[in-house]
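Here is the structure we will look at, set down as structure tokens.
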Amino acid sequence: MTDRVREILSWYNSENPGVLTNLARILNHGRLGGTGRMVILPVDQGFEHGPARSFAPNPAGYDPRYHFQLAIEAGLNAHAAPLGSLQAGAVEFAGQIPLILKVNNHDLLLEERDPLPAHTASVADALRLGCVGIGFSIYPGTAARRLLYEQLRELAREAKAAGLLVVVWSYPRGRGLTKEGETALDVVAYAAQIAAQLGAHLIKVKLPSAHLELEEAVKVYEQYQIPRDALADRVRHVVQSAFDGRRIVIFSGGGKKDDQALLDQIRAIRDGGGFGSIIGRNVFQREKSEALRLLDQIIQIYAEG
Amino acid sequence: MTDRVREILSWYNSENPGVLTNLARILNHGRLGGTGRMVILPVDQGFEHGPARSFAPNPAGYDPRYHFQLAIEAGLNAHAAPLGSLQAGAVEFAGQIPLILKVNNHDLLLEERDPLPAHTASVADALRLGCVGIGFSIYPGTAARRLLYEQLRELAREAKAAGLLVVVWSYPRGRGLTKEGETALDVVAYAAQIAAQLGAHLIKVKLPSAHLELEEAVKVYEQYQIPRDALADRVRHVVQSAFDGRRIVIFSGGGKKDDQALLDQIRAIRDGGGFGSIIGRNVFQREKSEALRLLDQIIQIYAEG
Amino acid sequence: MTDRVREILSWYNSENPGVLTNLARILNHGRLGGTGRMVILPVDQGFEHGPARSFAPNPAGYDPRYHFQLAIEAGLNAHAAPLGSLQAGAVEFAGQIPLILKVNNHDLLLEERDPLPAHTASVADALRLGCVGIGFSIYPGTAARRLLYEQLRELAREAKAAGLLVVVWSYPRGRGLTKEGETALDVVAYAAQIAAQLGAHLIKVKLPSAHLELEEAVKVYEQYQIPRDALADRVRHVVQSAFDGRRIVIFSGGGKKDDQALLDQIRAIRDGGGFGSIIGRNVFQREKSEALRLLDQIIQIYAEG
Amino acid sequence: MTDRVREILSWYNSENPGVLTNLARILNHGRLGGTGRMVILPVDQGFEHGPARSFAPNPAGYDPRYHFQLAIEAGLNAHAAPLGSLQAGAVEFAGQIPLILKVNNHDLLLEERDPLPAHTASVADALRLGCVGIGFSIYPGTAARRLLYEQLRELAREAKAAGLLVVVWSYPRGRGLTKEGETALDVVAYAAQIAAQLGAHLIKVKLPSAHLELEEAVKVYEQYQIPRDALADRVRHVVQSAFDGRRIVIFSGGGKKDDQALLDQIRAIRDGGGFGSIIGRNVFQREKSEALRLLDQIIQIYAEG
Amino acid sequence: MTDRVREILSWYNSENPGVLTNLARILNHGRLGGTGRMVILPVDQGFEHGPARSFAPNPAGYDPRYHFQLAIEAGLNAHAAPLGSLQAGAVEFAGQIPLILKVNNHDLLLEERDPLPAHTASVADALRLGCVGIGFSIYPGTAARRLLYEQLRELAREAKAAGLLVVVWSYPRGRGLTKEGETALDVVAYAAQIAAQLGAHLIKVKLPSAHLELEEAVKVYEQYQIPRDALADRVRHVVQSAFDGRRIVIFSGGGKKDDQALLDQIRAIRDGGGFGSIIGRNVFQREKSEALRLLDQIIQIYAEG
């Protein structure tokens, strides 16, 4: 148990020992174990974007077990997926990688201005599958965000009582925001704050742009000259917005991109005090050996930090 | 136990001893303990307005523990905040300051004409965190106010059975009112009455302006010449509107303002028979030593009353 | 918040902030507040021994409110009593003294070799009355001890979820023990251990004699030369037996006795590292001014320690 | 509302207004209304002793409506009976006399050393029948007393939440006591204390004899010279044993007896500070005009007090 | 994941992935991780034998945290203890050693011919504390064994649904057996079979002697010449009796003994195909450096196997 992990656990001292145990499991697993940094492989795109869009670039990914193997071989901290995917590999890979059950999911067969995920799995499922936690998406800015917050309230209560972690994907969307606003610095920072206030243990947000969306916020960012030109500065601001860095904030990689751009982002996350990456398409949509090489580079960057 | 506290407790004699115990705890805590006056530090702006708008002016406030410390050092009566914030400090400061868990919250990522907060925490959370009560916002004047009143009915029943105080933020808004009307004297007095009727123990309203909003009310205020030029008179009328002064009404400070203006408001609250202030941005958005100096002045004004 | 109180709270770090808050309330209340020592006034003798045996020596005690007043005036840490007694004073003295609801009780109208208390009040009652915790008696050594342990398991679970302390009166009795054995050093130490294993926050035991009861234990005490001639040494051993001093163990005074003998016992409790006294008959069975004088002496002894 | 009734209600200030309302209904009803004294007609002998033993002396009593009429015409405070009896008259006499539903009952078709009543009606029945409270018998001293106390705990919780009074018949019996001991002064006083501790609002006990039953108690009664030669002194001691007179204790008349003896008992109850009588066989086993005459005399005695 | 662990997991293929995950956690933890062998440190003797008998030989053990540290430093597979002990260390050592919550316990303050443990903790406690499983004792041969089997049925159902392991201490005792019979080969083998049939994942038995207890069994053992002279043969027979070696059977060390004798037993367990040791008094009753040296020798023996 490193001092850094011990320090991180101390931020969660209102939680029971079961929650702390599962938090320690994630923080101590894989090649980044003990560093306080983490890389998680999330694969919910089959549900969220459809199978071909997700897996045609690397058809091995049609089989959910591929993602377990990838996460294990790469030495990641955890693998997150919906119910069906986890059920497909949980026996074969039992005990080899911490699992996070994504308990709500959204598909694209009906385009809506204010999307609302369905609640597709339970805390009991997470226990039955041997998971360390549940994952839940909220969409601040959408018309039905209140329903999501209230579902999360009940699921978090139940999960924590059973010693499970609560990982919140906080993705602003909906009629309240422009497309550019979804990743605006002020909006992403706000999304991190909302997740923290709702009791999330791990908070997953998108990497913020330098754009500012909310009129009242623009004044403040300018008055106090909050740095936002460099990505590392924006990461730092988002981490600060989640209880001054006392909640684990991790960043998603977004759509597939150029390796160098991606690695630069990782360096910025590290330099800005981010806790790591939750990175899906950029790794599972390429051939395995390439994916492992890329993940190796990512892990090395975090390990240096 | 002072005579004044004993008198205030007697107004709540239909409540069980648990509620009276927690009411006594707030009334007897801090530098105003025993006077029947109170100053409470509420910090829900991270959720309600976003993190940068709330904490950039004094970045220490990004850490929820800062607000516990501020309330304790200033000798305030209580600290109120959402779930995440209280969880972040409840162990470290256990037993040092009465806590109020704000169980519904609203964010600004979707502007709505009739805002509706989400129900984000439970009575069980309040007990688990060692709180003396729950806080709940109602928005009289909005389309969905009935849902809020009905949520409050159930939460208040549950909270009181467990001996917890029910603190109601009663903020008129929505399509039924002009912007000026939200703080009109008749509207604020009406909001205080509604909260009292819904069973609130402590009622938080905004300071009323001399404006009158409702046509039928205007006639009455003029016919009976209800004084409303001086703020103290307006405070007196609002307090009278909450069961002739037999419910604790406290006033929020609103946005950050000039010290002298703020202290004049405090004197008016005191002179009008208000029970105190629930004051957030005016204190946590300035550097700590300045905040402590200002709170010291506020407390001295109330202590004289 | 003193360092000592902070240290004691740290021993209970698997509990939620509500439990820690109520533990802090007891530890910080009264004249011993902050020292880590405590004196509690328990009055369940009306139920346990009958009214005249309990209150005839000082008839003021027939009124349950007398005991609230006595505990408050003496500056004690808490008052413990059955449901009816607490209901009789909880409104009048709301917020003036931490209360512990004794939720099981035994009377003497039927003498049994293996006595079994009745479960007479609930966790909901404790919340409704504004208590900081529940009190529960177990009788290790009796035929029905298992029922008591299992009732305690469920009550403790419910109480802790609501942030309440669990105080266990651990009194060995029954067919398994000789009369002398009930206060034998090995038996009292065993009783403290059992209460600690069942999850008690505060453990109340009788002062142990130098007698040893259990054959197998005798060998060990002699082989390892565990000191037991001085009362302070016996107290030290009992405290050690409750997780090496990391659970609060307090000692009951037993039947009324000579002041000097009683004060010598208090000194021995203090010198042996005991956390304080739960002292009933020796104080409520004498006239109030005398009781206050005696309690003052007791508190001074503990305050020196 | 007389000062005396106001005073009595003040003793129950931890109860909700519904309970106080029903307590006020009994205290203000009938010819003794407002005096703080009460006479209640209980008729559960049909169940407890069998119909002929109960009603053959005055066959009008076979019809439950007779007892409603008798209590109403005599101007009593309340009528208490089992489910069937109340159902037989509750419509016809709705609103004319406060009703107490006796919710447990015992019959004599199986003689047992440790009798245990059956739980025969519910709080819901009491509400449905318009009762002011429930009545419940406990038998301290019997082997199964714990079951009775625990049933009472749950019924009292439920009844009080619904604003109903809890009237406890506290009758020591069973293998723990001699026949003479069942009405011994120390035992009756102990029974009153137990009922008070279990949360009873009205306590019904038998008139105590001068006998003392419990060895340890004898010493105390003699040492403190507790007067017990005169019945009034014994009544005074029993009333004192129920929270120093702050719980309503009423006395049952026992088997049918000579009028003069009965009236002397009433005077003793009055002079000893008892709150009244619950008197059945002595009135319903005689012809109605005689019964009314006797009740008139009893009421006059209490009215003088 | 070694082939051996994979093979062991395959024996439990009717269990859900959560159970397999926790089984893998134990099998992969510590210095024997991956070998299919295990050494577990159980410390329930404070409850089962009393504190001094357990901890006086090495007083560091009075503090439950000592045993966590010992198990971690020695590189053991798991630590098993009652509720209070686990609560005392679960936060400090979160994530450092798999924990088994012993959910029933028995004390020696009442000697009974047919002992019956009390059910002292729940599956919810095990989840809250972050345990990998629950431990439960059954006493085949005692009068109340059916109650134990039926409690186990329900607890096992609940535990497995939550992904927890079920570890059964199967200790024949009671009026059905002679003292010698408690460890007779036929009886121990029978106890292992019963535990396996009740659904245990891990079975803990005592080391068997060559004695045969049951008349009908003696005939069979002799007819089929089941080898029982060497301890390794007896171990082999017990393991065979638990589904032909397809359930994990581990052996307890019993009271403190000579090192050489102990290590010979370990070799016999290994050679007989036993899965490991659950060894308490022999290690925690000696000074820590000695305990670590002995555990190192034990682990080396198993690692060779």
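Letters A, B, C, D and E mark the chains as written, and numbering starts fresh at 1 in each.
In the analysis below, contacts are C-beta pairs under 8 Å (C-beta built on N, C-alpha and C of every residue); 3 or more make two chains touch, one makes a residue touch a chain.
All of these numbers come straight from a predicted model, not from anything done at the bench.
Asker: Quickly list, by label, the chains bordering both chain A and chain C.
Answerer: Common neighbours, chain A/chain C: B, E.
Asker: Overlay chain C and chain E by their C-alpha atoms and let me know the rotation angle in degrees, rounded to the nearest 5.
Answerer: That rotation is 70 degrees, given to the nearest 5.
Asker: Between B-D and A-B, which chain pair is linked by the larger number of C-beta contacts?
Answerer: Ranking B-D and A-B by C-beta contacts puts A-B first.
Asker: With touch defined as above, tell me whether chain A and chain E contact each other through largely the same residue numbers, more than half shared, or through different ones.
Answerer: same
Asker: Report the inter-chain centroid distance for chain B and chain D in whole angstrom, where each centroid is the mean of the CA atoms.
Answerer: 49
Asker: How many angstrom lie between the CA centroids of chain B and chain E, rounded to a whole number?
Answerer: Between these chains, centre-to-centre, one finds 57 Å.
Asker: Could you give the separation in Å between the centres of chain D and chain E, each centre being the mean of its C-alpha atoms?
Answerer: Distance between chain centres: 59 Å.
Asker: Report the inter-centroid distance (CA atoms only) between chain A and chain B in whole Å.
Answerer: 36
Asker: Can you pull out the residues of chain E that are in contact with at least two other chains?
Answerer: Touching at least two other chains: 87, 90-91, 124, 129.
Asker: Testing understanding: with touching defined as stated, what is the shape of the graph linking the protein chains, line, ring, star, complete or other?
Answerer: It is other, because the touches fit no line, ring, star or complete pattern.
Asker: Check the chains against each other and report every pair that touches.
Answerer: According to the stated criterion, the contacting chain pairs are A-B, A-C, A-E, B-C, B-D, C-D, C-E.
Asker: Which of the residues in chain B come into contact with chain C in the complex?
Answerer: Result: residues 1, 9, 13, 16-25, 27-28, 87, 90-91, 94-96, 124, 127-131, 161-163 of chain B touch chain C.
Asker: In their shared complex, at which residues does chain D touch chain B?
Answerer: Within the complex, chain D touches chain B at residues 13-14, 16-17.
Asker: Help me check something: in the complex, which residues belonging to chain B touch chain A?
Answerer: Where chain B meets chain A, its residues are 46-47, 49-53, 56-57, 59, 62-64, 82-85, 87-88, 90-92, 105, 107-111, 116-122, 124-125, 129.
Asker: Show me the residue ranges of chain C that touch chain E in the complex, using the header's touch definition.
Answerer: Contacts found on chain C: 11, 13-15, 140-143, 145-146, 149-150, 153, 157, 172, 174-177, 186-187, 189-194, 196-200, 214, 216-217, 220-221, 223-224, 226, 237, 240-241, 243-244, 246-247.
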